[in-house]
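Lettered A, B, C and D in written order, each chain numbered from 1.
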Amino acid sequence: MPTSERDREVLGAQAGLASAVAVETGSELGEIEQVRARGYWEQVWRRFRRDKVAIGGGIFIVLLFLIAFAGAPLAKDWLGHGPNDVYPGTALDPQTQLPVGPWAHFRSGPGGLPCVSGIPCKSQLFILGADSQLGRDEFLRLLYGAQTSLEVAIGATVLSMFLGVLLGAIAGYFGGVIDALISRLTEIVMAFPILLFIVALASTVGPRLNDFTLGIFGKGVLTLVFVIGLFAWYYPARIIRAQILSLREKEFVEAARMVGASDWRIIRSHLLPHLVAPIIVYSSLIIAQNVLLEAGLSFLGIGIPLPTASWGNLLSSAPDYYLTQPWLMLWPGFAVLLATLAFNLLGDGLRDAFDPRGAH
Amino acid sequence: MALLDVKDLKTYFRTDDGIVKAVDGVSFSVEKGQTLGIVGESGSGKSVTCLTIMGLNPKKNTISSGEARFKDEDLLHMSPRRLRQIRGNDIAMIFQDPMTSLNPVHKIGDQLAEAVLLHQDVTKKQAKTQALELLKAVGIPRAERRLGDYPHQFSGGMRQRVMIAMALVNDPDVLIADEPTTALDVTTQAQILTLMNNLQKDFDSAIIIITHDLGVVAETADDVVVMYAAEVVEQGSVDSIFRRPHMPYTWGLLGSLPRLDTDLERLVQIKGQPPSLLNPPQGCRFHPRCPYVMDICKKEDPPLKPVTDDPAHLAACHLDEETKDREAQKLIEGTLAAAS
Amino acid sequence: MIRYLIRRLLWAVVLFVAITIITYIIFFMIPTDPARKACGQLVTPACVKSARHYLGLDRPVYIQYYKFLERLVVHQSLGRSFANRQNINSIIGRAAPITASLVFGGAVTWLLLAIPIGILSALRPRTLLDRSAMVFVLVGISAHPVWIGLIFSWFFGYKLGITPIAGYCEAFSPPQGAACGGVVQWFYHMILPWITFAILFAALYVRMIRANVMETLNEDYVRTARAKGAPESRVMFKHVLRNAMLPVVTMLGMDIALGLGGAVFTESVYSLHGLGQTLVQSLSGDDLPTTQGIVVFGTLAIIVFNLIVDLLYAFIDPRIRLT
Amino acid sequence: MHKRLWLSVVAVAIGAALLVAAGFASPANSSISGAKSSFAGAKTGGTLRLNMSSSDVDYIDPALAYYQLSWDILYIACRPLLNYPDKPSPAGSRLFPDGAAAFPKVSNGGKLYTFKIRSGMKFSNGVPITAKSYKAAFDRDANPKMESPAVPFFSDIVGATDAQGNPKTPVSGVKAKGLTLSVRLTKAGPDILSRMAMLFFCPVPAPGQKGAPSVTSQGVNTFPGSGPYYVAARTPGGPILIKRNKFYKGPRPHNASAISVVSVNTNVDTSFTQVQRGEINYDMGGLPPTAHAGLAKKYGINKQRYFVHPVIATRYLGLNNQRLFRNTKLRKAVNYALDRKGMINLRGAYAGHPTDQLLPSNLRGYKNAGIFPFRPNFTQAKKLAGSGSRSAVMYTTTSPIGVNQGTLVQADLKQIGIDVSVSKFGTGTMYKKCGTKSEAFDICNVGWIADYPDPFDFMNVLLSGESIHDSNNNNYSYFNNAKYNRQMDAAARLFGPKRFSTYGSLDTTIMKNAAPIAAWDNDNDREFISGKTGCYTNQPVYGLADLALLCLK
């Protein structure tokens, strides 16, 4: 039968963490017969361009980056206060002593203290109100939280992808004892109660790493990157290994081997190009998972340390206002939902674009 | 009235990229006890033709037209219920890949018995007995024991025998075999073909055998339909077509028959890939690959018309008779030389 | 089959040893001075000394590990909590049923949701039902379980008051003086946690089941069944579903293992004092033996569960059973 | 304050003066009213249903329990030799002889205390309570197998510990004969009476008697009660069932016939909703911080259902004088920079009142000196701190409030160039860590509730450098100044009004000149009971509702 009559509905299926692993033995992203240099990418782009939903996801992600890394500082300048500035005396309702609600104007002296005569006093605007009794700007914290979430999610994804691709490629390419060792290692990691372990590690070993920031990241970002990355590599590793296993038997690899190409060269210039598709697709799906994971860990109080804003931190202080200001639960939850959704949609779209047959 | 009469059969698939005309106006008929071979490259529409006859194409996005009359009932326009009664009972089918055509989680015996139970009012036990008999008939050793086995415990050839048994268990009038030997090794191929020939004699069924291998056709078929890019390009009796093929594509198929002599110059080779069925070439669909291509071929699709010396032998080609004679002769000589 | 069994069993043992070694190193080698922590409020030098001896910290690492393993395997004991001196076995004994209620109940919930939705949307692709299912899938895999939990508990529990906001009820033999007990109350208290816990997995499973069913529908043997003249219902139930569900069984094993960790979040939202909450509490209390005990227990549970799934899989898939 | 604050009872009082005379000047005066409470329309009988949100008792075993909530329960299940009456402040914090027939006879230069035990008392299982029962408590606490935290509180009793300081049992210095109990001390211990009132010394049936609690470091979950109630059942992490002790014939009230702590560690919002709906009578664990303003508005304060009572307690930041904060100017800078009102606001309305001194404002002897501002004065603080950036480690608790307090301190100190990183621990863990000398912290977020109303319990216990050990310290700022150590020792030996005024001046002097800590709050206890509940009384020593008085309406 011609391939075109295969039901295209199969596409877009199975993006879940475990589901992908289960089908990993098959040709996960379809064997791309030959990387027909430009034509292939053109086709991918052509197919991707038609997927309006995925494009939407992609645009949202670009916007998210802009908001997080450019919009947040701009908003900070415009509003005249920072995400960690506290207004413990002024951003609280004088009657109830609870944080002010959305679109609150109030006057405040330096340090967020009540105005006293003789000291300059400024008017402040809190667009989404205050986050807690500390009286921090929920809106700015939401924007800055995007920075943290993206840094953790992408950092952990890069680390786990790097480890996964490296180990998966080595295992798949060299086979034999090396493959057996790496595969067993993968199975051991998979048998761990991984989330329990991440929780335990983030809390015991984590605090020691919190001060390690490389000068550009917030405190605790790299801790989460390591803790998550070190446990999440097994998933790309299995996919890449399966890909390499099937590619290894292909004629062009045989041919390269026959003309005496070194292993490294074969991996780099013959195999890696075929892995670009799965790497890109799974990266975006894993980023989505990691956004959720960061929020979860910070919610449990073992993620990003104080006072840095992260969506999980915002979510974790919200239940204190369960009875009086339930909307505080909504903002960070929506932010997580939209970001994750965007990465998932992009990932699905890319998968479809790379692999129109959706063969699993 | 022929047992199965297919007239102007068309099957189109709607896809995201446009309409794929997988079968575009195919007509043929089969008589009782006769064997019809349908040959062509993969993607030429032979399998889809048969699936359309059986009503096995996915309902969604498929447009079929034309007629497929079985005992004067049109298979294409009958109720699903009636079609199910005919399927597996009057018309049975054997598929290309015996490895995947059996359900891996059910026992062989159950799968065979299912075929019986679907059409005959018998007990499970009786169905099993019938299944056993058929298994013996298709030459499966220790058949009693193997009823309880699962497909993965069978070799490819044995599975194809099971498939044949399953097809024949209800004594069908028409047996459609879709490349029954492609997935098998050469020795097994021969065994399966012999088995089918013998069974045909015993059961007196009509057989439609789909293959890309003219050798298989030569061994088994009475009539041949050659398909290219969803169309019939040549059809007629085996004798007639093998004696004097009228179409460069057929020559190509004949030319790619296995030969023992390697030093003989290959007269015809089919270069290139079959065309996309989304946008088939203008004119003769074979012209981009045809070594004898003429200007007219690019503009006009040649009609399928009887060749001069045999009215039952139809071909679609613009070439003049002399060229056809000359080239066909060379080819036949080569083939004969190879065979001798 | 026997060889398969033995292989799986041996592998389970290897896994267990490997994981306990790693756990042991992380929780007993890395932290500073567990003996001091073991002494609680009364940190006298004598106590530290006896705790060091009790914990075996005065012996070489491999002996310590051996002792730990011996205690675990021979005495089936996970040790004693630093925080409240309870036997960790009994701490886990109380927490595990709660987590098990959540995880298994959640699994049932997500299967009950995912199987019908997945199958129907596979059979009717691109219909309204299918599209709604796909929206559910996307939201389900993108919304944070913690958030879903908070919103549910606020809306259904606090605003509407039709479910409890949080809390747990023992189904069988509730302790004397407990607020509630019995299967009905247990069920009532678990409804929201189950749904919260199940949404993510339900979404993944809808997706997977839909794809599996579609893929199976394209299998040659399904065509064979149709060619035999089998009616659609028979084709679906006898030939499609069984094969389409095979991967679901494997996945279920892995996901229940994953879920054991994911339960941390649901438990924390609904104050269910299962393994996850106990773990988080033990972490904030520097209660290493409890932390470690829970991780080891979780690992064991996962290994055992995967073993059961492997056997179950072998049972339903003859290709594995008979090789 | 409860649920967050570990009840830290005074450790061994070294060189303490005659506290009997000082703290309990006229204890014999406190007349105990009759068995029934003084509430109009109080109803007896019925079962009270309580919650303990976000918390559980540590143990219910009197030899092990060392937590405010546990003691609030043990208070109604125990009849110690001396006890605090079921009355609001101030009467509620004055000792009266409960298990003992009268205050003890002190002889041998303050080293021998002889108690006469009341006759006719029985445990809830019918076993008579005699001197043996009280000795059994000492012996059990001293049993090394119990690993009891009570040991430091009686290690000055003869034979309580061996030469190495390890506990040993039986305690030879405690002798029981019929209804006479004698306690022999190694040196004069004037505060021994307040220690005898601690619930570690709750009588239990002696070994061999019916219901004698087993000796196990895991503790027992039930034991025969000697007070108006007894603990009938407890599941760790689960409910606690308390029942009337029908053998109790003493003067203490007992309104409900049973008290059931139906769930512990419950969600604070759930629990609050249940109290609002009347499904639960009272939540011992406290309230959501956001609820107070609304409750006060709706029910008024101390009128119907919402109660606010000052507790003799101070919250402060222990500034570790061994590390960054050995610099006095820097400590003062912190005191100028700390937003005291902001810190209190974090705990919701009516949480307490700001302070800048160690002694609680409701403690006798307190002098208001107005040393530091209640809202930050960053100008002054910066002047003191000087330029340059510093970093500090702060320990706080994992509770949302503890976390917010850490964040506010972080923000305040950032203004004076101190970069604070916050580490979070469970409450007990944090106190344990801060009490360990080698622990690398600079600021500890602690609170101190009076064990008994005397300045000694604050000044000497929290600031005397002489009591700093390797671990288990209460001097969370590791302040050790020879001059002030001497002055505190001297003050401890004083009597009467002089004692209090000396302590008051010492408090202001130390805070003004050395500022070893940054105090910020004197706590209020804030409670809410359901509409079906009445007879609320705040027991000032335990800082919670008196469960014996609480009744169903």
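By definition in this document, contacts are C-beta pairs under 8 Å (C-beta built on N, C-alpha and C of every residue); 3 or more make two chains touch, one makes a residue touch a chain.
Because the structure is predicted, anything quoted here is derived from the model rather than measured.
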| item | value |
| --- | --- |
| Contact-richer chain pair [A-C vs A-D] | A-C |
| Chain whose Cα centroid lies nearest the overall Cα centroid | C |
| Euclidean distance of C-alpha centroids - chain A vs chain C, Å | 24 |
| Distance between the centres, which are taken as Cα means, of chain B and chain A, whole angstrom | 53 |
| Rounded Å distance, chain A centre to chain D centre (Cα mean) | 47 |
| Whole-Å gap between the CA centroids of chain C and chain D | 41 |
| Chain B: positions in contact with at least two other chains | 60 |
| Residue numbers of chain C (touch at least two other chains) | 125, 158, 284 |
| Residues of chain D touching at least two other chains | 269, 273, 398, 424 |
| Residues of chain C defined as touching chain B within the complex | 125, 219-221, 223-231, 238-239, 242-243, 246, 316-319, 322-323 |
| Touching residues on chain C, where the partner in the complex is chain D | 36, 40-47, 80, 83-87, 90-91, 94-95, 157-158, 164-167, 175-180, 270-271, 273, 281, 284-286 |
| Complex contact set, residues of chain A against chain D | 84-86, 88-89, 92, 95-98, 110-114, 132-134, 207, 210-211, 219, 301, 305-307, 316-317, 319-325 |
| Footprint of chain C on chain A - complex, ascending | 6-7, 9-10, 13-19, 21-23, 184, 187-188, 190-201, 203-205, 288, 292, 295-296, 299-302, 315, 318-319, 322-323, 326, 329-330, 332-333, 336-338, 340-341, 344-345, 360 |
| For the chain D and chain A complex, residues of the former touching the latter | 269, 272-273, 288-294, 339, 341-343, 345-349, 375-376, 378, 398, 400, 403-404, 406-408, 410-412, 415, 421-424 |
